[in-house]
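Presented below is the structure to which this report refers.
As written, the chain order gives the labels A, B, C and D, with residue 1 at the start of each chain.
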Amino acid sequence: MIFERIKSEGLAHISYFVGSKKEAVVIDPRRDCQVYMELARKEEQNIKYIFETHRNEDYVIGSCELAHQIGARIYHGPGLDFKYGETLTDGQIFHFGKMKLIAIHTPGHTDESMSYALVDPNSDDNAVMIFTGDALFVGDVGRTDLYGPKETLRLSETLYNSLFNKILPLGDGVILCPAHGAGSLCGGAISEQEWSTLGLERRYNPLLQKSCEEFVRFKVAERLERPPYFGKMEEYNLEGPKLLLKLPDPPALSSAEFKKWIDQGAQVVDTREPSAFGGSHINGSYSIWMEGLPGYAGWLLSYDKPILLVLENRKQLEIAVSYLIRLGYDRIEGHLCAGAEACGLESWYTAAHPIDHLGLLSVQELKKRLDHSDNLIVLDVRTDKEWREDHIKNSLHVYVGILEERLDLVPDDKAVAVICSVGNRGSLASSILKREGRREVFNVLGGMMAWQKAGYQLIRKKS
Amino acid sequence: MIFERIKSEGLAHISYFVGSKKEAVVIDPRRDCQVYMELARKEEQNIKYIFETHRNEDYVIGSCELAHQIGARIYHGPGLDFKYGETLTDGQIFHFGKMKLIAIHTPGHTDESMSYALVDPNSDDNAVMIFTGDALFVGDVGRTDLYGPKETLRLSETLYNSLFNKILPLGDGVILCPAHGAGSLCGGAISEQEWSTLGLERRYNPLLQKSCEEFVRFKVAERLERPPYFGKMEEYNLEGPKLLLKLPDPPALSSAEFKKWIDQGAQVVDTREPSAFGGSHINGSYSIWMEGLPGYAGWLLSYDKPILLVLENRKQLEIAVSYLIRLGYDRIEGHLCAGAEACGLESWYTAAHPIDHLGLLSVQELKKRLDHSDNLIVLDVRTDKEWREDHIKNSLHVYVGILEERLDLVPDDKAVAVICSVGNRGSLASSILKREGRREVFNVLGGMMAWQKAGYQLIRKKS
Amino acid sequence: MIFERIKSEGLAHISYFVGSKKEAVVIDPRRDCQVYMELARKEEQNIKYIFETHRNEDYVIGSCELAHQIGARIYHGPGLDFKYGETLTDGQIFHFGKMKLIAIHTPGHTDESMSYALVDPNSDDNAVMIFTGDALFVGDVGRTDLYGPKETLRLSETLYNSLFNKILPLGDGVILCPAHGAGSLCGGAISEQEWSTLGLERRYNPLLQKSCEEFVRFKVAERLERPPYFGKMEEYNLEGPKLLLKLPDPPALSSAEFKKWIDQGAQVVDTREPSAFGGSHINGSYSIWMEGLPGYAGWLLSYDKPILLVLENRKQLEIAVSYLIRLGYDRIEGHLCAGAEACGLESWYTAAHPIDHLGLLSVQELKKRLDHSDNLIVLDVRTDKEWREDHIKNSLHVYVGILEERLDLVPDDKAVAVICSVGNRGSLASSILKREGRREVFNVLGGMMAWQKAGYQLIRKKS
Amino acid sequence: MIFERIKSEGLAHISYFVGSKKEAVVIDPRRDCQVYMELARKEEQNIKYIFETHRNEDYVIGSCELAHQIGARIYHGPGLDFKYGETLTDGQIFHFGKMKLIAIHTPGHTDESMSYALVDPNSDDNAVMIFTGDALFVGDVGRTDLYGPKETLRLSETLYNSLFNKILPLGDGVILCPAHGAGSLCGGAISEQEWSTLGLERRYNPLLQKSCEEFVRFKVAERLERPPYFGKMEEYNLEGPKLLLKLPDPPALSSAEFKKWIDQGAQVVDTREPSAFGGSHINGSYSIWMEGLPGYAGWLLSYDKPILLVLENRKQLEIAVSYLIRLGYDRIEGHLCAGAEACGLESWYTAAHPIDHLGLLSVQELKKRLDHSDNLIVLDVRTDKEWREDHIKNSLHVYVGILEERLDLVPDDKAVAVICSVGNRGSLASSILKREGRREVFNVLGGMMAWQKAGYQLIRKKS
């Protein structure tokens, strides 16, 4: 048997390739689906079936793309009016090579959610692995709030039932293969531990230690971020997203061409490190560090405007593009022309185009300023959860994801020192403030980690 | 956490790389250890510890090689006078990053055998994975006959105790990470299923369904191949093998240089497919197909003579060399010079050096010959187990591994048609007969699989 | 300036990529045109123009393919009714980056043949390089017989004029960039020396030492091979060949699927080495070694039937496919399924499908047979030129390219030992004879090189 | 024949690999010599000879390194007491494969300088190519000032003689293969045109248009930069540099380890773009952009202190290391630990270690400041030649290479705006000023190119 986990960084999305005797299945493929085709080629497998665990809301599913390129059949769960693929019934069985896959209806995260049990018929039909999608993660379970507050109670009860009456009974020895790892927005506290079993989860997953009543109460009270692009993803994944055929290859633009796109309304995404963005950047650009692209682009970028990239070097182009197309951002019109090793901004500078700067502060510099001035406000842009854990006295809290919508919360008569955990989200938030015309904006390099390390005072959660 | 299985084909040996927060451990490294260093570099981990599950007998352990290159510490089990590394005590605990590893003495396969439980201290100290070396495999357990018949009983009882009182109690949910997969000589019937848990094994591993008495009786009766090179491996792995520093890179030799080495006693290994070897080959060469090199070189090649390679193309050189050095064959003096795509034999032919041929038969041709002649004997060179399963009437059985020693069993007044399952071992056995001067030797292409497929008669095991 | 020669093996075709300040041109691109796009990406160049030196007859031009993928403009010479691109006038000038290219009409090889002079405007407008297509090679000039015997005289005179009045006057210091190197069928005796200048050619190219009269006499008398596929190429290159978009990726077929294609009339091409093909092969297949594919496929394969491949290993698939599509063979339906390292024939054998063999002889064995038997005829399949140089007494000569058409020349009442220079063309010729039902066919490994090396008698050309 | 140019960026050094029939020569190998070994392997060549054109002064020659690894013989010119290799005589002939190489003594750049003519014996012994080292470049000739002013006259006359009486007589058609391209410090005005011939140079090389008297006068008056590390190179290349065996692989350091090295006197080289360096950097580090490393490290870095690297990302490590070891900087002790895509400075920030900033100005901002303040001085750090061409009124000129020695020239009572052509050397010069404790230092992004583009006033050279 061939078993491969394909992890997509940033989204912490995990898809699976399982092959046996020249026949393979793929579960929850991503849109840049070359990876599965290369595996198939390398391992001499033909991909026979593609299974979706549910209509994903955090990324564009690659089923149609993959099926189009290699001719496999697509299956998903019942109850949604999918415009592509075939609908499963609970208990439906598929054979590939010497293996067997059983589709199990496990609603709760969404109504059509499926799990898939991998069975070795030579071994007494026991399940070896279970692909649980967003029903069960390592250390957590799927969120149940996606249908809105009115439905959360019902979905939570449904999920409890799926977990305790459909998944866990498969046995402690079954290996758990969820659709997400730590960092995903699809669960609240997924563990960094990537490998687990139903047995380990049954004993140690905090959610599985609860009674049904406790479980439902906890889930109903849970507050998780929900970026606005989720709506677009749901639409794409119901209709079947546009076929790409191959990864877009946005051209290297001269600074003149780049400027022309900007003048026509393009959104500029600058993926350089906070220090570089702070030093100088193109007026109006968003600062989103490379690994933050999958998680934060969807909060800010419009699907209706072209996108331009400013990169540290040419090699990052393919990564940035794959991150964006996984979120359905297909209109990437170019990146600032640069040599293989050089940042494209050089051509911008030498053309004497205007640039902007951001103040950058070490925590020592921040402390000194706070100690000597009344006119500086600390804006903490971390999540609610992080902020509750600890924060600087008198700091203002607005989560970076909603900052652009809630600029009214930030006083405009003071200088603003933006802080996050290390400085990346701080740079993004600073770039949002700059876009809105705020003049005195500082990003704190090292963030709360450095503040704490330097031994400065904190307000901590009472436990 | 970073978790990587590194599988060495042919030996079906599995080593593991586990990292957490910049610190990593490697379990049972192979001798061509660049793979671990590349993982460490890619994942930005420093390898802190190297653990051996036991003094391996089927390959050269890479602990010293790896430790020399990156400066890690080596640990192994108690009771053997290892000339390198440090000795563990049962229950000894190691920390790396956020993880914990507990050394568990699990003798039985050998007396010093260790298992290692990987524990996530954040999760209530439960074991997540167990590295069992040759104690427990998927679908099988380690062999207990390596100390000779007198010790097999004792080792079998010991192993039963290790399995039932030390390993299985860790819990059904623990993921099983053994040192070998299907195809290894270290177990009799390891499953092709590569992923399992203690729970799955407890329920479905045939050996774990037995009582202690049944278990011991089965193990004492078990008959497994034991190639002669095992002795050399044990010596190497006790003393610490010679350091390589980098993979040998045997030069491309002209046919004149190649011939000179042969005249000085070099052993020629021809890894081309059976059809090519049969068509023509250098007199006296062994026919060992590429994937067969790890499993069969150790039965035949001398450690005291230089080795030469005849390859299908240049790209196979590195693979062949890595296969051989894993068995401690370091004296690889060259390969027949060829272009990137061309077989080096062309230069041998054009130099008008002597060549030999082997008869090649389809099963149809074999059948016809058997039907019309008394002078052809079928020599079946598969394992005892395969032969007992089914064979051609009146065929003679000698396992390929011992054929060179037992040529007396093969009548020398008849033509010999060698058969195995598909034709690879048949080619090797044929080359052995040719080396001994037998003239009329045929290899049956497609072997017993084709014979059966063609619908010809078989003598089958009574069940 | 960026200057890259892209050499396509086998056809000995050379194309060129020249870039300056982000703008590049490509001259005579091949059909698998990713190589130019990768260069453009790596060097940050935009391909602006594509120039064809003439309607090539030995391969499918990649202009349309490349232009389609990157949007460049295509240019070719006057006088032919091309269905794509734009027509040049003599002396037309193009600018790209800081460089200048001048189109020079240099008919003779064909009427529309162009050369292109690369000029550095900063250096006094001198030509630095000249791209001569098939007008001038290193050590030879283009053939002038492609329009048939009636036109050869006229073309030869025209070519002489182009060489002496248009190309050589550019100056001795100009670097020569021809469209072919040694081994091409587009010239009779192109030098293995790959780099030259007009100065070196003027002094040392044998053809350029002749008077116009001598030149024309020589060219009219010249006899060069002309494979039947040339006609197809001319048609393709006039109309613009079918777009591929990407290299075909023929699937790995099971032996059952493979057999089904054969039963439906597919042509099987076996690229394994002569020894492997001789040992065993699928009945009716052509033996064409990998490097021989570009030069010999066009003599034998039909454009109207599907093509199947038998390869030594999976890695050769892409090479074989690129060789075939360069000749316009797009109907490659699959290759025999195999593991990465294994030859696919194993699955054919184990399915008990029929196989055939070819006799293989060393020159010693050939000599012995010739000395002891009257019933063996030696068939020499080398070119006329090679045969005139030296051959075995009483051998029969038929060039491999025309053998299939002229089987009547080979007596069918005798065994045939086929010989070429080393054994590759011999294997191809043997496979042709086998396809026609000849039973006793032998290929001589090492060929005439080995025969001579062994010191056996030869009939040599009188000089 | 196989012919490969291997270009080392930054130094604009070109070495050559020429092979024929399994035998190859390398001319002027660089120290990271894997490139030649890979070529040899790929092309199935054995490197037989290594030729040095002269004792190079701008990089560490790789002859000993390569010879050690593959066993070839090294040759160089007469008159210097080399501690390795063999000494040539004028006219000495070497054979490899079918080719011939003739050593020609061509002193002038240095006394022991050699050229090598490549001859094809099959073509009437004519030279096809000439490897001229630092005697003749495309568009320029070698510098003649390396022995000091007293010897320049003699060397210039000698070089003229070598060029006109030894090299040019080989014929216009000979292809020119010099040791350097545009950007090298070994010539004053080497052309960007990379390919040329003796014929083209004879007609268009400005130096070759001069009479002997004019030539010598020009060369004696020539003023070229001479970095201090040249002396070290000469010493290394006479003695034979230390063997590396493989490229150093400096470890990823934690910020604590990094800081410890700094406290022990290590030199920090920050290769990030000017904007990033300006935004924030480790106190006391040099800002040297990646492509500037080969050209500027030798002006500033000490051979006696350890070197640390701050990189944009992990992938740049190997490039930076190869650049440094080519200059003999072997003590590279580590780089700041980072993920594959992340800049290592993050760990420095979060550890709350101190950081420094540099002011960054667009030309618009610079102009505004100059217009409104008397307290800002513009420091132009370009070469003399560039400065003479044009500069900003009242700017102070000190070449970046000598700035650290001549800080006395920069008034310390004013703010300093450093300008170069685009901003890279400006960042380096700014970092030098910062190291010396200057507080108000600005780097002008876009440099003089942007200043000119913006249409601001310039003082131009009178022509």
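As a working rule, contacts are C-beta pairs under 8 Å (C-beta built on N, C-alpha and C of every residue); 3 or more make two chains touch, one makes a residue touch a chain.
As the structure is a computational prediction, the values presented were derived from the model and not from experiment.
> Out of A-B and B-C, which chain pair has the most contact pairs?
Most contacts of the two pairs: B-C.
> Which chain has its C-alpha centre farthest away from the C-alpha centre of subunit C?
Farthest from subunit C by mean C-alpha position: A.
> From the C-alpha centre of subunit A to that of subunit C, how far is it in Å?
That gives a centre separation of 52 Å.
> CA centre of subunit B versus CA centre of subunit C: separation in Å?
Taking the average C-alpha coordinate of subunit B and of subunit C, the gap between them is 45 Å.
> Pull out every residue in subunit D that's touching 2 or more other chains.
As it turns out, subunit D has residues touching two or more other chains at 339.
> Report the residues of subunit D in contact with subunit C in the complex, numbered from low to high.
Those residues of subunit D that touch subunit C are 1, 3, 120, 123-124, 126, 128-129, 139, 171-175, 191-204.
> Name, in rising order, each residue of subunit C that touches subunit B in their complex.
Against subunit B, the touching part of subunit C is residues 272-281, 289-291, 312-313, 315-316, 319, 339, 341-343, 345-346, 348-352, 354-355, 357, 360, 362-364, 422-423, 445-447, 449-451, 453-454.
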